[in-house]
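You will see chain A twice below: alongside chain B first, and alongside chain C after that.
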Partner chain A sequence: MTFTLKSAATGALMACAVAVGADVAGVAPADAKTLRMAYDADPVSLDPQEQLSGGTLEMAHMVFDPLVRFTQDMAFEPRLAESWERIDDTTMRFHLREGVTFHSGNPFTAEDVVFTFNRMKKSPDFKGLFEPFEAAKAIDDYTVDLITTEPYPLVLNMATYIFPMDKEFYTGTDENGKPKDIIIKHGDAFATSHESGTGPFVVTAREQGVRVEFTRFADYWDTESPGNVTEIIFTPIKEDPTRVASLLSGGVDYIKPVPPNDLERLGNDPNVNLVTMGGTRIITLQMNQKRVEAFKDPRVRQAIVYAINNAGIVDKIMKGFGTVAGQQSAPGMVGYNPDLTPRYDLAKAKALMKEAGYEDGFSVTMMTPNNRYVNDAKIAEAVAAMLARINIKVDLTTLPKAQYWPEFDVRAADIMMIGWHADTEDSANYTEFLTMTPNADTGFGQYNAGNYSNPKVDEMILQSQTMVDLEARAALLQDVERILYDDAAFVPLHWQNLSWAARKGVHIEDIVNVMDFPYLGDLVIDD
Partner chain B sequence: MAFVAFLIKRLLQAVLVMFVISLIGFSIQDNLGDPLRELVGQSVSEAQREAMRDELGLNDPFLVQYGRFLGKAVQGDLGRSYFFKRPVLDVIGDKFPATADLVLGATLIIVLVSVPLGCWCAIRPRHWLSRIAMGASIIGISIPVFLTAIFLIYLFSVNLGWLASFGRGEHLVEIAPGWTTGFLTLDGLSHLILPSIALSSIMMPLFIRLIRSEMMEILEQDYIKFAWAKGLAARRVWFLHAFKNTLLPVITVGGVQIGTMLAYTILTESVFQWPGLGFMFIEAVTRVDTPLIIGYIIVVGLIFVVTNTVVDLIYTMVNPTVRLMGAAR
Partner chain C sequence: MSRLSAVLGSDFVYRFRRDPIAIVAFAVTAAFMLAALLAPVLSPMNPHDPAQLDIMNSEIPPVWQSGGDPAFLLGTDDQGRDMLSAILYGLRISITIGIFAVMVQMALGIVIGLMSGYLGGKVDAFFMRLADIQLAMSTLMLAIVALAVFKAAFGAELFSDMAIIMLVLVIGIAEWPQYARTIRASVLAERKKEYVDAARVIGLSAPTIMRRHILPNTLSPLLVISTVQVANAIISEAALSFLGLGMPVTMPSLGSLISAGFAYIFSGSWWITTIPSIVLIVLILSINLLGDWLRDVLNPRLYKG
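Up next, the complex of A and B:
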């Protein structure tokens, strides 16, 4: 039985919730384990293809299952695909798990994967990521081929985004006469408020921005999962101090994220299970060469990198809750080059400025958001002070993210801040968006507000996109990082860390990962 | 007749106020940020976003957009929230009961504490309790509501574990279709107490001081002296003759302050994750949910006009010598 919800029909919704509550209590009162959790926001939709965002993917890992997923050490783990093999340069064959049922009761087959793939190609948010793919083809009920136009090295990375949706359930029209599979970003759509996935949890009630209730799916295929949570009550709590207080007062069992200021306190609390991990979101500053003549000189850019004490920023401003960076790719990613260490050396910075003929410095404008990245505005202030030491006077403006992005789009300042997480979990993605030559037709360099342009880098990244020899590809991507480093194409600051906290006995350490999509289906809570 | 004329006049005022507000709201919406950024992922191309902007009609000239908005608004349709994907008025209607609970709770606390305390401070200005109340009100007026709220949460829910720290609780009672209240269950009350105190903390000192100074002034007046001279009982002098006249300025200020209170619900509701209008509004601002932002300010404008009208009506009841504006003299 699938619970379909309509947000307007609150009465019916309450009835559902009550019915389910009674159901769970009736079946297994002894084993019932409820997880009350609080993130900073709740998912915007129940449609896994509506918005490419962390919130959507967190939800998708609860209500749906991907074909494959990343383990904690970034290896691929079979989920709805049991195994896979490369048939030729452009085809990857997936063998699907048998005996899997959707929340609606419909059986899961290759047709559902094809349906999901085709819908993905139509989703404004996801179609960019699936650009290299030509088609998904069902070979038989439990075999499906993913075909790319060119040889493509990241087929498995992309398969982590394929959360098969129930074809039968999402086919037809809803009561408003709209197709059930339609994706509407700013209006009501069937898939936004109804779900039928194969995942460990069924959504039983949802009041957007207030709470979502989940119950464990009785027919969940993964009977080997250690997870023992039978019910989840998810409340978004936006304010950091309130979220922490709710955990400490026992109002909730599990929170994310933990504000840096509370890390020490929660870490020392014997009743709290705090888990932190280095993340892959790089925070950088871009120096606009189109706006500032001096930024065309690599020595000036290097001087700026040398003048910024990013280790000090991590230490003092981030309270150690970040990893100092010298490049884009985080440790553990294929393009990570261990030789490229952070460089802070004020004397060298001054010497470089002198060499470039800018000993007396110059004035620049700088713009950063103030509510997008952890401590973004404080970091910007520190950077402005550090640049003053090499006689670069910074006129700093910080803006809320809603106003920042339109400014970023028109490159409104000489130095701008941008943080990036690779949706593909692959190193090339950083360069494609941040440091390749901006090109409106291909979309490369969409977030390159420095206007850094190096044909060599562009060529290497394009080459990497079709290399299926993963070792050679890794070496190539590490060389790209080296060139960007030597050129001082941008200022790397740090990778933001990730944090989760739960009460003792809630074993979140086993289910969290560097993508920050906790696999709550596998969560174990002690008796 | 005068009463009807008064109401009609107020109604016209309300329409005018809402029209002006909608115009201002509409003209600033471009400065709020780009709503598309909140609707799509970061890696979505500019061309894709531009296409969606067209689809939403955001690229149309200002007057076209505003005309479209007004045309729908007169039919009671303020558009759809980008985030909730539902009509703006439905969303506001859903959130309103939570804010009403909170404002009612805070008002009750303010009235129950500031009236007796203010009177006491006027009657016994040198008493130790009066000195404490005056001192505390100085501190109270200077601490931001955000800090008060966090302090309350840490004291009463983290350390003592007595009261809930966020939300409205699970056991709410539906008193009218779609209208729930937390006043009727223990769970609901345990969630209501802290936010209500936090919200009342803003207004409390003002009212204590206002009542005290008004009453002190009145106690000095000749008719009070005559009352004493007549040998009336102290209670009768204080509470019938003096207090009733103290109320007049208090009601005026109170009416104005309800507006301020609504503004402070934004802060209080964010700290307590209270699912009401204030929290909805601040979230809408960060998400650049323009239809919801404009809808909110129009509704709040309406609330202002309505409360002021009600205050004026109460005023005439308390003091019959005051006539309604526009009434025949």
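Up next, the complex of A and C:
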């Protein structure tokens, strides 16, 4: 009786989703198409600038539109910016699309871009990305200049992160007397629960952690988009087997991610459209030097890296669905240094611990999410077992991501897990956020829960931001990886592959990409 | 010697030897108890020691399947934990929690039941209404609420250290009305009898009469209910662990083993969840059969002569 409690609850939830979906399909016109989708978690906020995370950006691509975006083959595609030109070394001019309206009905103009840019510069998570930028300036209603302090090679890459927000809608104060444009991380702000973007979908109902409903925006500017989805019902399903089972049973049409142990089964199923891709998201563990004295000793950090069999994790837990990593930059990125191979050598790890005077080990706490990265909790459990072999006793806590991120922000444990996908598709981005000295003013090191600090690395990364000689820049970034590797600044585990699955007839293969931001506005569902 | 032969010649033993189901159920239960007791001796490895796990040994099938490894008779789980060892240690934890939880229930139930039945009046009304209220809510619901609140208030770290104690207390406290009501019913039947009056007349105090004179006469229903309650407590523990509110994965009970293996049931590694499930089912079944048999033997109304 009791064993089915959890699955019965999920089942009931799915039954509701199905029932509601069927209802809507019954009353809507014949061409109405509902997509019922299940991810492992739903976005924590509707504010595209509150948290720099995959979940937020996925939401942003549904509800908002960027100035430009990457296509599947990593070329730039005009969105709200129709065209752009370089005015001088530090200025890029964007010509904006005319006749675009926000969900609120307000027209979209250059003022909205300036408002969005300025708000971004205040966001604790995003300001690090926009540190090289000086200002956004509206030239006329449909022209805006982005000005950098120095010549900056990645202006267009950053424009993919500018999702114009409705200035009029987000100006003023809400019923609690707080400004509507305020950014409160993990808090209750106006923008957390209200949206007005230009994107293909409008949020019509949202219950955090239970269900989000989207309806296609009637006045969406992109009338040439092939997308024919009129409604999306998004149900987070944390349990991997339940998510897969609901796709197979027809309870949902589209799921992400697919657990590695089910890839083979779904791939062989003729009714399932499985799409996989090699990814560049690095999964790492950070060892907090402020909390644990022993982590200040590079030999201890090295010992931990040597003790963790990340090849075994990829092989056994990820079922080969990932690439073993020895550094941050994935193969093919400019900073990738082919000499830095994964290190696993238990004898060496023990020797290093002995050398550092920690032969008898010590106790640490470790915290990881359990629904953010593929198999995150299982990886953490395996790591805890591996560290036991060098006498480091790990007290492990795994949390759902909605509770994990607030803990991460206060650096609540000695070892914390973080996965990172380079926002700019450039190597320097990893270091800027994960390993540069934390600095609240610039936003660098915002996700450096290890408190690793090396002035040399900081200096090299700042230098790379203005280098236009790409070959010298690549060499510099590879040197950075070398320093981090020798210092064992963090524990690299693997680059996580990407996976999506849908029922046949839902053409997800055309809308997914290596950033893992599915462009659901362009999704086509067959009749 | 004569006492031993008296026991062996008793009606109880006679009926036990005549009933094959009782013999099998007793043998299986005893075997499980023994295995749990001797787990450290019988297990090839200590599944609670993370240093003995090797990820490269993960998801090895049981020895009779192709790809099996003789070092892991029942295969391994997703972390490379030997299933046989994990089940033996898990059995130990499950049975420990079951027995201690029943002891808590029994202690509370006997005290409350004796007082209600013997003293009657307001005391009786108070405790029995309390029992009614508690019986109106399911054990599991109470346990889930209590454990979830504890986990949220004191953090998952402390929770995993205290898991056994918490489970014993929660399951113990949630089920006391079963005992209290049974004892109270027996006490009500006994207190009117002459021997109780006699004890009262010679001036014995109420606690003494309850303890020395009435309690021994209520023992047979107590024995029956205890066997059933041990099985119930083990099921409750397994259910709570399955829901993630019981034993942590690093110290798995049968329920947490079943829960951990659940993710693999569709993808081929059936043994991680199936084998502990079978062990749990067989254990519960044999305890329940034993309980049924006891009830039949000790209930004079069902006595067939």
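We take it that the second predicted complex is superposed on the first by the 302 of 527 C-alpha atoms of A that agree within 3 Å, B and C clash if a C-alpha of one lies under 4 Å from a C-alpha of the other, contacts with A are read in each partner's own complex, and residues count from 1 in each chain.
The rule is short, and it goes like this: a residue touches a chain if its C-beta (ideal position, glycine included) is under 8 Å from a C-beta of that chain, and two chains touch if they have at least 3 such contacts.
Only a predicted model underlies this, so the values are computations on that prediction, with no experimental measurement involved.
Looking at the shared chain after the overlay, A:Thr365 reaches chain C, while chain B stays out of its contact range.
When the shared chain is aligned, chain B comes close enough to touch A:Asp409, but chain C does not.
When the two complexes are overlaid on their common chain A, residue A:Asn271 makes contact with neither chain B nor chain C. In the superposition on chain A, A:Asn309 makes contact with chain C only, not with chain B.
Contacts of A:Asn118 after superposition on the shared chain: neither chain B nor chain C is touched. Using the contact criterion defined above for the overlaid structures, shared-chain residue A:Arg389 touches chain C, although it does not reach chain B.
After overlaying the two complexes on the shared chain, residue contacts for A:Gly187 are found with chain B alone; chain C is out of touch.
Once the two complexes are laid over each other on the shared chain, residue contacts for A:Leu129 go to chain B alone; chain C is not touched. By the touch criterion defined above, A:Pro241 reaches both chain B and chain C.
Taken together, the two complexes place residues 239, 241, 245 of chain A in contact with chain B and also with chain C.
Residues 2-3, 5-6, 239-241, 244-245, 259, 261-262, 264-265, 309, 312-313, 315-317, 365, 378, 381-382, 384-389, 394-399 of chain A are the ones that touch chain C when the two sit in their complex.
Contacts from chain B toward chain A in the complex involve residues 31-34, 37-48, 52, 56, 80, 82-86, 90, 94, 150, 153-154, 157-158, 161, 164-167, 178, 270-273, 275, 279-280, 283, 285-288. Against chain A, the residues of chain C that register as touching in their complex are 49-51, 53-56, 58-59, 78-80, 140, 155-157, 160, 235-236, 238-239, 242-243, 249-250, 258, 262-269. Of all the residues in chain A, the ones that touch chain B in their complex are 7-8, 10, 38, 44, 51-53, 124-125, 128-129, 184-189, 192, 207-211, 235-239, 241-242, 245-246, 248-251, 371, 400-406, 409, 420, 423, 433, 440, 443, 446-447.
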